[in-house]
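These notes open a run of structures that come right after.
Okay, so subunit A shows up in both of these, paired with subunit B first and subunit C after.
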Partner chain A sequence: MSVQATAPKKRNLSLNGDDVRRMCTAIAGGLVLAIMTGPEGSISEPTYGVKTSLLTSHVIGYLIFGVILGCLLTYRAKVQDGTWRRIRSTPRRTLFERAAAVSSISRYALLAVTALAAALVTLIFADFSGPVTRNKLSVHVLAHQFLYTRTYGYLLLALALWFTVVNQAMRLTTYRLRSIPRPLFVLGAVIAIFFFSLTSDPFLPARFAWRSLNPAVANSLFHHWTTYLWLILGLAISLSWLFKRDRSSGTGSPRRSRALVVTPPMRFLTYVAAGFIVFEAPKYMSQYWQISLFQQIGVFCLLAIGLNIVVGFAGLLDLGYVAFYCLGAYVTAYFCGALPLQPPFHLNPFLIIPFAIIIAMLSGVLLGLPTLRLRGDYLAIVTLGFGEIVYVLANDWTTVTGGSAGTGAITNFSIHLFGVNYAWNPTNPLSYYYLLLGILIPAIFLFDFLNHSKVGRTWAAIREDEVAAQSLGINALKYKVMAFAMGASTAGAAGVFTAVKVGHLFPNTFILQLSISILVLVIFGGMGSIVGVLLGAIVLQWLPSYMNFHSYLGFQEADLYLYIGALLVVMMIFRPQGLVPSRRRRREIFDAEEGLGSADALGAITQEQPS
Partner chain B sequence: MTDRDPIFEVKDVTLRFGGVTSLNNVSIQQERGEILSVIGPNGAGKTSLFNCLTGVYLPQEGSITFHPSPTKAINVVGRAPHRVARAGVARTFQTSRMFNALTTFENVKIGVEAHQKTGPIGAMLKLPRARHEERYSDERSHELLEFVNLTHRTNTLADSLPYGDRRRLEIARALGTDPKVLLLDEPAAGTNPSEKLALAALISRINTELGISILLIEHDMKLVMSLAQRLIVLNFGGVIAEGTPQQIQENPLVIEAYLGASDEAKQ
Partner chain C sequence: MFNFLLQGIFTGLIFSLVALGYTLVYGVLRLINFAHSEVLMTGGFAGYFFLHYTIGIHPVPSGLWATIFYVVLGVIISGAGGTLAALLIERFAYRPLRRRNAPKLAYLISAIGASYFLLNLFGKEFGRYPVATSQPFNNHVVVTIWGGQITMYDLVILIATLALLFSLDRIVYRSKMGRAIRAVASDMETASLMGVNVNRTIASTFALGGFMGGAAGFFLAINQGVSNNMGFKPALFAFTAAVLGGIGNVRGAMVGGVILGIAMFTPIYWLGQPWLEEVIAFSVLVLLLLFRPTGILGERLGRTA
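Take a look at the complex of A and B:
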């Protein structure tokens, strides 16, 4: 309005109480996370002393995350309210422009230097994983890298990184990743994927040298499941790039035009590929991976799609989800006679599944009826309390549950029907895996039908505006309880599988941390999207198994939460909607960011009630 | 009027929020098939009255009876909002409350589906009844979008609709519940003159073609006077006048409430 407002502002940090508060909250949050997820030697363990425990890598790591998070939040808030200008939009002469003014040689030199730096960083990254490194960096180590095929894959990655980040930040050239011709980009992606897939090791490709690439190895390459994983990843990336429509043209919102158009043949191919991987690939895995596939990945997929109904579809924050899982497991133990309290009759675990489902569902209804009248945060607290109650009962009610010493042996699955006799055996983990698929695959399809039916739409309506939904005659409480009960029964079924496979139950499996871990799978994958949630469960559950398997990475079990925490922080900043978000949920999150309604704890819009 | 056939009977309703009395002894009757308009200055208690009629607020005193048919009577006070809506009372909101992340079509469909019987099991397994009801709700939603003239926006997300369209979508969604009476809370607020005309035409079509009684809150006097058969004027939570548009326009109390007392009246 006035002339003063348009005049260039003085460079001034102008930090106020709000910023200090924001920073302190972020750092305190980091510290709290560090304490909560503390491994041995952390603050929660007094025997090590405060000084030693404060210096463990994961406490420091979390503090650094707190500081980074605080800085990012401050920057964002300051840019939004106009006190600071955006770093990038400052029209200044860039380093590159200055270099170019001197001579064309210095221009290319600068380009080369930044490219080399990016490559070097990537190479180091290729060898050392994260902050808990135990190796020393030397020229010899770096040179050695070039013996391995993955290095070339990483170099291509570095090129992409350099184009997007370094180039953009320093404004070196007018080229961007986007301006590379698409065929060239796809070619690059395919080559990179090829180099990665030459190793049998998808996360951090193993030491697999050029010289050992003989015909036999190349042949066995295509028998290894990770090869297919990489190929699919590459195809997905290149396809999504090809289908990405030009942002500048068209009238629709740019976000929607990004969507990949899925045609029926593509869908069919996806199903075939997914079916092939799900049914065939496990046969080629070692027993370690077969066990992990069932216990770490499969069961958690089931848990995650169950929680997705509560959190993703109905928009309710449930922090005590693991209680239903625990209930399902203990019901199994009870009917097998593994608890001190003996059942009136013993049952085959197959027959326990419906019992466990119904009992978990009933407890979901009982918990839901009084508590689902609460909104958002209050509901989270109450469910958290419920989770603790169930855990304490399992742990301390010794005469019924066996207490912290755990339960007795739980009977295994077996079939004796019409002359067919088959008993499941822990030495063959795949048999459990295929059994689990028998419940997981129908559940995936049924829940998907549900989401696209009247019930799913009604959940979306309640999530977005409960008052408006009620004005249409929708009984919000009924639908919320319904979501709660369905999530609970899914967890109950998962509990049976875990109980039978593990054989003995210990209460400390079913702690709050597990509830949060499952919630992380859902949020990471993309709330409300079944594909996303499954992907989230597969990626996040596979990661620790992988890192445990390859102990040379210097990975310790307790560090897991450091990595997952870091991943979540990055996700929330750059992709708050999750890996593969559902269209509705994504829309809600963007609406909330644009100020059309305020975001609830889960990112959905909650509109204020009229007074 | 010897044989009265009221659809809403509001008797001596008083609503207080702490020390503030929002509605004070309000008694209103709406006849079946009538367009009744509630007007009054800001803060007169119009929206509070709507919230009482739809079960959102619980008045401390008085009774509200809704007659879905001449022989039936339903007590609204103490009934949950969704049960009032099920009985046949539909409403729109002062600030439009769409389901923003859903499309226009889905918004209407939720309204239609709210009264259907399909449960979670039926929806999951796509049982015959679920399929049947789904087909019906699809057809009905298309009809309703045609009725409010929004067919060209069928697959648009609700939050990217222009304001006037949003208002009409909200009406279509309310009509989906197959109501006996439609409560419109300032439907013309923020619309331009041509949209206003279209809206007035739409409201009278709802009344004549669908035979739905309408209770209308509106500030635009031209719109109210052309549509309403009867008006009720609220001020400070009480009814100060009631009558035909003609009578209301000449009522000195109403003029005072709207314009403030003139010097002549004071003397």
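Take a look at the complex of A and C:
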């Protein structure tokens, strides 16, 4: 930062046209958001929706949001180009840093204190998920908590948390970290905590218990107008953070990466904590969220990592992805005898899974072989057409698929093997969830392995520069078809799970919008990064159902795609690499913007040869 | 059978109007404008409101001059609506990315996002179900040739579309703006060195395509009413038409629309299943891309003059 060089000048408000425009854009964005969240209009009263959104008190929160967002963006832009200095020009050291600098004893004391704090957090967590029938908090109750295995999981979680915090804090003391404005940091932390308290909703019984312990705090936190203020602030801050132009790992950047250093014990603990959350935590959720966890989150995680191979790894745009999902589901229905067209033999759903995978894969190859030869953007439209054809066939070919009335009943999963008899049934949604994990987790590791293998490197070479890759003897078509077929087969597997859980299929489930929303999961999380895609799937699938559940900020289920559309545009403008981008993808996007190579296998836009 | 053929031709004319939007943008930017279906829809809604506030529940106006008045004004207003939508899409979904020289995937995705945003915004504000439009003229049968009936609606489409296509052809190949568009299409950098304002030329390309799309939306609105997803399928077919004629080629789009219309509707006479027309259209698209990806008349907007 060249802040120190221009030190003698006092902070002056040198606003120019750009700043005014930025502010106006932010406020206009707030107003658009107000319209988006406002009431619905109708064709007989076409202005009702807009008028009510803009001329009632509804708009105030969004105006505040726009102004805050504009201020934050202006502040950051000004600080970055050096016209403004940071609010605190001489960086004050935090308590942590000062204490750590005194002596080694104080540093160890500090470690002990943080450890204690982490333990306390653990206790509170454990308390959170404890038995519901309690009236007062006592040592006896706390001790009781430790008898539950989950407490140890929370302990590990806290330990991982603590390692992360301490590791990062220690780095702060030895290296410089002045580039994050401190107020943003603190506010961001507060917001994060607030959001976390919102996320505790799936653990509804636990929260009721907590509420009955201290109702005053709970009420002020959850049922007060300040909630909305926090939400607005949090949105503004997280947006301004999310959409900043992150050029830190572009080529030739002078800024050092602020990435966490992951030490082996930390990684191990993180795995353990993640495993704990994935396997143990769902048991304490209410049934509503258990169903949602399987149907909304789990299945979509599988779909998203499948599409990630096509879009993220190979750089191809597939808009008919849901067709393979549909195919998988209808193959299941076929072999269960639920379609008007009867199969030669009936199969147990477990045995259908490989069939569905193979059929989806074959259809992927059949569609991919001819079309993947073409320029990439034709692929998008052909896959769109394919998705539409599959939907039309499912909807209208009544003699084979049952048409829009849907299929008959699909048999459930069951095991009758070596004396083990178990039948899955919908009253226990978690059984499906664990079954899905059985295919999701291997898939995650397999795809991660592929990405780091020769195949993954070939995909990267093709999407960065297809001509160069081919000149090195790579058969680009083969690898593209491979990516396409793998994505398709993953969707086919997801189709089996959905079909069995839902019990009977309707073609309306498999509309084009679903393809787009899966694409959004991939793009939001970060194309090419499996962690990012999973995170994107979890956040974007959970958030709508959560907001719908509580109708936060006037959220309506029907408007979901409105938000998704806006999110796509904003994301592409400000943060094309996604929430948690893979390092390679991020560099590719920046390189492409500098005119080096391309970040997808779609062919160049401007560098076309004039012949 | 002749009836199906005629239906194909007249629907095909609407397709070619929409296809022009794709082909113009593709010719200049080498991008498929995924948000073009929403241009169509905006035009349809503009036409709906025009007819709603002028005719409304009054009886259908009769007489030649009334028909001409409502159709011409309706096409202009719908076209203006489509132009506005296309310009907004260009401004918010394309220009910020162009400024950064973003990869192609980013354009496609932001166009899809803009499309979904508009689609659902209209759905939210105007309802999500189709609404019938007030009719600007009596849709009676004018002539019957070999059992094929040509209605007033078909006649209006034929005349208006041919007029629009002719004037667009003149604009692209004879006017100063058209020359700028062709210059940018053949080489963006050189054109900008020669003093062509590239941004404005791209915007005018979107505007021209938007006008045609909006006008097509007007005709669709008269025929089948307006709804927020009225644009999706016609736009998909129109894209197929644009590829059929050779994407990036203005005259190719005009021919491609009619050929696709005929290819889609005539087989229904034998097959008897109306829903098969989509399957036929996309099969045509896939086969075409396999065997002649440059279309009937070849590509390149800049080089066909």
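Rule of thumb we're sticking to: the second predicted complex is superposed on the first by the 330 of 611 C-alpha atoms of A that agree within 3 Å, B and C clash if a C-alpha of one lies under 4 Å from a C-alpha of the other, contacts with A are read in each partner's own complex, and residues count from 1 in each chain.
As a convention for this text, a contact is a pair of C-beta atoms (placed from the backbone, for glycine too) under 8 Å apart; a residue touches a chain by one contact, two chains touch by 3 or more.
Since we're looking at a predicted model, the values are computed, not measured.
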First (subunit B), second (subunit C), both or neither touched by A:340: neither
Subunit B versus subunit C as contact partner of A:562, first or second or both or neither: second
Contacts of A:470 with subunit B and subunit C, given as first, second, both or neither: first
Subunit A: partner with more touched residues, subunit B or subunit C: C
Partner chain in contact with A:388 - subunit B first, subunit C second, else both or neither: second
Contacts of A:403 with subunit B and subunit C, given as first, second, both or neither: neither
Which of subunit B and subunit C A:503 touches, first, second, both or neither: neither
Shared contact residues on subunit A - subunit B and subunit C: 588, 605, 610
Subunit A residues within the subunit C interface of the complex: 35-36, 40-43, 46, 49-50, 311, 315, 317, 319, 370-371, 374-378, 380-382, 384-386, 388-389, 392-393, 395-396, 512-513, 516, 519, 523, 558-559, 561-562, 564-569, 571-573, 576, 588-589, 592-595, 598-600, 602-606, 608, 610
In the complex, subunit B residues that touch subunit A: 47, 51, 54, 56, 80-83, 85-86, 90-91, 93-95, 97-102, 106, 109-111, 113-116, 118-120, 123-126, 130, 133-134, 137, 157, 159-160, 173-174, 176-177
Residues on subunit C engaged by subunit A in the complex (per definition of touch): 29-32, 34, 48-49, 92-93, 96-97, 100-110, 112-121, 123-128, 131, 186-190, 226, 232, 236, 239-240, 243, 273, 275, 278-279, 281-282, 285-286, 289-290, 293
Residues on subunit A engaged by subunit B in the complex (per definition of touch): 253, 446-447, 449-450, 453-458, 460-461, 464-465, 467-476, 482, 486, 583-585, 587-588, 591, 596-597, 605, 607, 610
